[in-house]
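Shared chain: subunit A. Partners: subunit B in the first complex, subunit C in the second.
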Partner chain A sequence: MKHGWLGFKAIVAKDIVVELRAKQVLPTMFVLGLLIVFILRLAAESMPTGAGMPIMGAAALWIAFLFSGMLMQERSFATEKEDGCMDGLLLAPLDAGTIYLAKLCANVVMLSIFEAAVVPLVLLSFGLSIDGRWLEFVAVLVLGNLGISSLGTLFSAAVQVSRSQGSLLSIVVLVVLMPMMTPALFALLVLFGALPEEVAGFGSLAFVGSFKAALGYMIAFDAVFSVACWLLFGVILQE
Partner chain B sequence: MVAETHSPAVQVNSVSKAFGARPVLKGVSLAATRGEAVCLCGVNGAGKSTLLQIISGLLRPDRGSVDVGGHNTADHPGQFKRQLGMISHKSMVYPELTVTENLNFVARLYGVTNRAARIDELLARTGLTAFSYDRAAILSRGLLQRLAIARALLHEPSVLLADEPFAGLDGSAVEYVLSVFADFVASGGTLLTTTHDTRLGLRCCSRVAVLDAGAILLDRPKEQVDSERFIEDYLSYARSGS
Partner chain C sequence: MRRFLLIGALGLLIASTWLGLTIGAITPVQRNVLYVHVPNSVCALLSFVVLLVASIAYLATSKPLWDLIAAACAEVGVLLASILNGTGMIFSRAEWNTWWTPSPRLVSSAMLWFLYVVYLILRISLPGAPRQRARICAVFGIIAFLDVPMVYISARFIPADVHPPNFSFDTGWQTAALMLGMLGTALLAGALIWLRTDLLLRRQRLEEELLQE
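Up next, the complex of A and B:
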């Protein structure tokens, strides 16, 4: 157990140090994030009343997190492949679950760094206010981050093992993440004041129902997919 | 860390492996005892690297089994991995990390106790002390191979697998690798190495095995092999591409 924890910490620290030194993904993520925010800000400006600001702001955040997250996760195993480092990891007496959790943790940290830069930018440029609900706002971002990272980490490993093209990662992750993106978007729209706490009627957002239900869906998604990905990771590596 | 056991250090039992429809290993059996150095020779595609990857646990055999230090590699991955070190033609080191950081990372993965002292010892033994704060990205091929060797020996394995360890090395680097192998075997370790270069293979082994089209063609102690004739025969066989 102690040895597994030591290995976990070593992989997390190594991944963060390698990325901060190589600067391979973070700069690209920031540029992509800036572009997404800039384009959606322009689109929101074209709306005459300014009512589109919270909607476009919420969309900008999730689109930026999704695509930048996938960019980063794809690299997280590609770097392991380059000098045979993945073999080095697999030769170590660590179970696959520990490797997965360490990679997931490193990806969550990296995406959090990105979020810390993009969130203030979106709030300022779209003129959005949280009205003191910072804790709920952070909770939504953390849950979204965990959902994106847990799936992205698994599929990144699958892409490397199967030697498939990276585009496969994007397609599969986007499709599987859809059940989480609806409540995630709902939650941000509520926090930005574009939706009331509870929504009745038809449509995918009304299906979510309320802010609390949205948080519940996200927690359930993260719990189910984090555990499923943790279990599947070993199977993927054996292939 | 050499396992106290009467069973062979490495025992390969009727291992078969195919990639798709193409069989790569066909019921290969091989055993190596403590203090033995086995050289696996064979042309490209003979199945040498695949066999080493199966022994290391990186690949699973379709049929057959592998025991390392008395532990079945499929049933006891934790135990056998601690006894195994591997050098491949890829360095398995991170170019962005320094030499010391790379070794410290591996030491943590293996739960090596007294890490700093062990790393200093290996840096001195591999002649990398002067490069300990250099990033791996700027090391020459020879120095990278020294780092790969330090990486493989860090947790004091009892079995060392070396896949084409002489590839791309100059004369002095080759001599260095040979001396490391000799020390490892002299201390009771078991070495399994693959090489195209039969001369070098014969220098570092006590037993030679020839793998051809996924099957062991010859497996005998070095003293029972006429080195010059073996090299000549091997070269003509390799050139014929058979």
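Up next, the complex of A and C:
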């Protein structure tokens, strides 16, 4: 147990320190995020009344997180391939689950750094206000971040272990994340004031169509997939 | 054995079609596509369940046969899901005058189709050792199936369900036509999965023999 905790801390610290010193991926992520936000901001301009701003803003946030996140997760195991670092990682007296959790934690932290920079930019450039509901806003962003990172970490290991191209990662992660995107967009639209707190006539189940339901769905999604990825990670690392 | 399965499936499907077009016909006419649509939707879901079981069995036993069964299920499942979406679009165009609309059921069946198409792409684009590919595909098979309930629930965040939840049939002949179609499609799917598994197994053996020479 103590070994596990020490190893966990070591891997997280290593990943974050290496990134902050070498700056391999954060600058690329920022530029990609900026480009996505900029292009969608220009597209939103074509809607005359400004009605599209919350929709385009919410879409810009998730698209920027998804693609920049995948850019980062791809590097997360690609760096381990160089100089046989992967062997060192596997030889460490840690179980696969701990390695997964450490990698996930490092990825969540780095995606959060990215979010902290991009979110204010989106709010400003799209002229959106969240009406003082900061806590809920941060909760939605963190839940989205965890969902993107948990699947991205698992499949980036798979893609690296099998030496296939990184483009595979994007379709594999996107397709599994697909069902999280509807509630995630729904939650942001409620916070941006584009949708009422509860929308009648949504779907046929009683609990959907409200901000709380969207939040609950995202919590369930994150719980299911982070546990599943944690359990299945060992299978992927086997040689 | 397989020949009998295929012939039986064909016979059942012809019987279902004949019943559906004569004494079991539903008015208006476009609703008869349900005799194809409903069995395919049930059987597509069944193939994905078998895929999940095969993936878990592969991880538990490491026998290559399970991996091949999973591959065959994905191929057949994607075929059935394509028919499901295609017939659904035809029905929707005739019934509601639109080819596709983002209603919960249509969204979730489109998402399912995407999930297993990606499974097939993953299979063909993972290079390297077959055992490693099999493991990664099994992991994706399990994750993809975990996504199925998520897909169904998430689709409820989309308004306006135009899809009728379930149809009630007026006569026994209509129910009979549907049940025959269900059985025929299930037999056909089973036979196709069997055929594909066998073919994949033979191909794998051939590749191994060629490697040894």
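Simple rule for what comes next: the second predicted complex is superposed on the first by the 229 of 239 C-alpha atoms of A that agree within 3 Å, B and C clash if a C-alpha of one lies under 4 Å from a C-alpha of the other, contacts with A are read in each partner's own complex, and residues count from 1 in each chain.
The working rule: a residue touches a chain if its C-beta (ideal position, glycine included) is under 8 Å from a C-beta of that chain, and two chains touch if they have at least 3 such contacts.
The structure presented is a predicted model; accordingly, all values stated were derived computationally and were not measured.
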First, second, both or neither for A:Met47, with subunit B first and subunit C second: neither
Which of subunit B and subunit C A:Leu90 touches, first, second, both or neither: first
Partner chain in contact with A:Val18 - subunit B first, subunit C second, else both or neither: first
Subunit B versus subunit C as contact partner of A:Thr182, first or second or both or neither: second
Between subunit B and subunit C, more extensive residue contact with subunit A: C
First, second, both or neither for A:Ala117, with subunit B first and subunit C second: neither
Touching partner for A:Val172 - first (subunit B), second (subunit C), both, neither: second
First (subunit B), second (subunit C), both or neither touched by A:Ala10: first
First, second, both or neither for A:Gln238, with subunit B first and subunit C second: both
On subunit A, positions contacted by subunit B and by subunit C: 238
Subunit A partner contacts - residues on subunit B that touch it in the complex: 56-58, 60, 77-79, 81-82, 84, 86, 88, 90-97, 101, 105-106, 108-111, 151
Residues on subunit C engaged by subunit A in the complex (per definition of touch): 59, 104, 107, 111, 114-115, 118, 121-122, 125-128, 132-133, 135-136, 138-140, 142-144, 146-147, 150-151, 153-161, 165
Parts of subunit A lying in touch with subunit C, wherever the complex brings them together: 151, 154-155, 158, 161-165, 168, 171-172, 175-176, 178-183, 186, 199, 201-205, 208-209, 213-214, 217, 220-221, 224-225, 228-229, 232, 235-236, 238
Contact set on subunit A toward subunit B in their complex: 2-3, 6-7, 9-11, 14, 17-18, 21-22, 79, 83-85, 87-95, 238
